[in-house]
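The same chain A turns up in both complexes below, where it pairs with chain B and then with chain C.
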Partner chain A sequence: MSPDTIKPQFREFLGKVIRNHDLKDDDDIFAQGFVNSLFAMQLVMFTENTFALAVEDEDLTLDNFRTINAMTALVLRKKA
Partner chain B sequence: MKLELTAQQSADQQAFREFSDTSIAPFADEWDRDERFPREVIERMARQGYLGAVVPQASGGSGSDMISFGLLHEEIGRGCSSARSLLTVHSMATFALHRWGSQQLKRRYLAELIDGSLLGAFGLSEPNVGSDARSIETTAHMEGDHYRLNGCKKWVTFGQLADLFLVFAQHEGKSIALLLERTTPGLTVVPISGMLGTRAAMLAELHLENCAVPVANRIGGPGFGLAAIATSALDIGRYSVACGSVGLAQACLEASVRYSSERHQFGVPLKEHQLIRQLISQMLTNIKAARLLCMQAGYLKDSGHPNTVMETWIAKYFASTTAMKAALDAVQIHGANGCSAAYPVQRYMRDAKIAEIIEGSTQLQEVTIADYAYEQQLAHHQPAGANHD
Partner chain C sequence: MSIKQVGVVGAGVMGTGLAQSLAQARFDVILLDISDDILSRARGEIRKNLRLAKMLDPQAMPESVDSVLSRITCTTEAGGFGAVDFVIENVVEKWAVKEQVYHEIDPICPPHAVFAANTSAISITRIASATGRPSQVLGMHFMNPVPMKPMVEVIRGYHTSEQTLHTARELLTTMGKSCVVVQDMPGFVSNRVLMLTINEAVFLLQDQVASAEDVDTIFRSCFGHKMGPLETADLIGLDTILYSIEVLYESYNDSKYRPCPLLKKMVDAGLHGRKNGRGFYTYE
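Coming up: the complex of A and B.
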């Protein structure tokens, strides 16, 4: 698993709710108001389901899910 | 595709039904009147494993799966919405700890929540904050290895009895979720009485004055208290209320079928009048549709699919509005008797209104579910007129 295979999957999932915007890998999806809290939970579930990992207590911070880069780093860390 | 309960789920459903018919439904009017829920019944539900049903047996809980969990909440909800609401809030707190809590925190509380020796509750709403949960005003200031909590939580279901509260607060502009013990100095629990519905749910207000809560009692990281912890607990709560509403509507149907078969007017049973038959047909059809929506949401929970979040909103919206309509019609079918304490349908009507307000009000559902329609639709089609390169 590499950033190149992980990022497109996040980009596609985020693209369902963030439209008409070319999302950059370091765009803060929460600060820029792209998504609401309902979506945050779906994002966590998507991450677990797609990459077969468990997001646990210490992983559950906003910083791990702010940007595509951060989400990708989380997945790589969990799969290491 | 197979739309059928497994043997285990059918057996569970049968057991839930019997329990509700013998230990819950016959006493629900009395509990409603007295605005009290007997501890002894909570203990009995605990012995049945109902308080730990949100955690699967494979993870140390007492539940089979989310379909069975839904069936439990439907059957208990058919008997008494206050009893269902106990399972709702206890399951929300238990789920949050099981799903997101640290190992240390789980060791401390989880087994006792599962076996019911600790009763959990959920404190998000405040005097100034309801639907707009992001605006909570309760604050948490860090002091060494503790937070100091100040503020007020309102409408806490079973707050009068609960031992452990999952509460939400603001810490340096970020939301956090904390487990607060009832015995914490500075916490005052003030009972709320005279509610319209779920009158036996023993609501309370929590006054928090400098309550010291260990930082270790935080669930999840800072900033995700609302986004992930509250949202996922509310997802469980919403599923519980959806399934409970199906049970409530089913109770309305059963009462209406019985009454309209026995009561005669104009020389025939009420059920022979076409307008009564119309109400019964609508009730049955809506209940069946609502139940399927709940099962769909439960199925997606068991498979960990992110769509369960929105499917649960839809199930709750349809089931709670169905319960409200069914209850209004049930009272209508019962005439003056339906307005009296001699029949439970007036309780159903009051309880159904609550289901339309809690866990995302009907209006919130109506403004939110549309997002999902646009998301689903546009995910499959290019926007009209779009011309990329």
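Coming up: the complex of A and C.
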């Protein structure tokens, strides 16, 4: 699994919610107001279901889900 | 009295939020409902909310998600209430259902246990009459979502003792919540006004005076309310709103509480608000 296969999946998922914006890999989706923080849990569940991994207590920080890059790094870390 | 174990009856929206808040406050919780499906959905919802709390407010959630969850025992048997110190009942706003619940748990719970009805309109004095411990029955009207709302409307029934109020205050303090104590009349303070407001807002919609969005905007922007009456109705659940306004209508026999036909129609059509995705608004 590589960043090139992971990133498009996050981009597609986020694209359903964030319309009319070409999301960059390092756009902070919370700080830029694209989604509110309650959306974080949907990202956690999407990550777990799509990549068949468990997001554990210590991974449950907003920082892991702010950007496509951060989410990709989390997946790579959990899959390593 | 020191409270260790709390029984929660009903694993709907309120019971689920309560079980979570109580477990976070380190009480052992017995969550009772009629079906394993409802209980397993509740457990999933609690886990999801605890994880969200861990993300958004880690200081308020110092423990691991699993250790908080481990304090919640789900059961479909009232027999599990044999050692509870405090019970919070959250079943549907229908007298026949509530009466049945109290008849069932009263002989099982220890004599010292306090019963709190988390009702939105039904008389606490009437609920107390369904038990053999009327001085140990009070109303505790929690707000939704329970883990986020710091204030509780506490209702003193005709026979509710000072000791019972004291025990309830202790429980709330441990949960990090405060209360306002009011006397017992159907609807208390909050819902006698709120249910009428919501019902009248539904009439506005029915009479095509304004759209749901416009009604809510007026309350938010002109009055500074955080939410308008119709979005509040969606949050509470339209079925619960209808049951509550029907209770007020029956209790006061006053036509000002007659339920709006559009509200009845929406409930019959299965539009119950946020909890099933459709009410005055649509939710994903």
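Criterion: the second predicted complex is superposed on the first by the 80 of 80 C-alpha atoms of A that agree within 3 Å, B and C clash if a C-alpha of one lies under 4 Å from a C-alpha of the other, contacts with A are read in each partner's own complex, and residues count from 1 in each chain.
The rule we apply is simple: a contact is a pair of C-beta atoms (placed from the backbone, for glycine too) under 8 Å apart; a residue touches a chain by one contact, two chains touch by 3 or more.
Please read these numbers as outputs of a predicted model, since none were measured by experiment.
Undergrad: With chain A superposed, do chain B and chain C clash or fit?
TA: clash
Undergrad: Looking at A:31, would you say it contacts chain B, chain C, both, or neither? Reply first, second, both or neither.
TA: neither
Undergrad: So in the superposed three-chain picture, is A:41 touching just chain B, just chain C, both, or none of them (first/second/both/neither)?
TA: In the superposed model, A:41 contacts both chain B and chain C.
Undergrad: Once chain A of both complexes is superposed, is A:1 in touch with chain B (first), chain C (second), both, or neither?
TA: neither
Undergrad: Thinking of the overlay built on chain A, is A:60 touched by chain B (first), by chain C (second), by both, or by neither?
TA: In the superposition, A:60 touches chain B and chain C alike.
Undergrad: State whether A:19 touches chain B only (first), chain C only (second), both chains, or neither.
TA: In the superposed model, A:19 contacts chain B only, not chain C.
Undergrad: Chain B or chain C: which reaches more residues on chain A?
TA: Partner with more touched residues of chain A: B.
Undergrad: For A:49 in the superposed arrangement: first (chain B), second (chain C), both or neither?
TA: Once the two structures are laid over each other on A, A:49 reaches chain B alone.
Undergrad: Where on chain A do chain B and chain C both make contact?
TA: 37-38, 40-41, 44-45, 57, 60-62
Undergrad: Spell out the part of chain B that touches chain A in their complex, as residue ranges.
TA: 100-103, 105, 134, 174, 219-224, 226-232, 235, 304-310, 368, 371, 375, 378-379, 383
Undergrad: Using the touch definition up top, name the residues of chain A that touch chain C in the complex.
TA: 37-38, 40-41, 44-45, 57, 60-62, 65
Undergrad: Touching residues of chain A toward chain B in the complex: what are they?
TA: Listed in rising order, the residues are 15-17, 19-20, 30, 37-38, 40-46, 48-49, 56-64.
Undergrad: Help me check something: in the complex, which residues belonging to chain C touch chain A?
TA: 48, 51-52, 54-56, 58, 64-66
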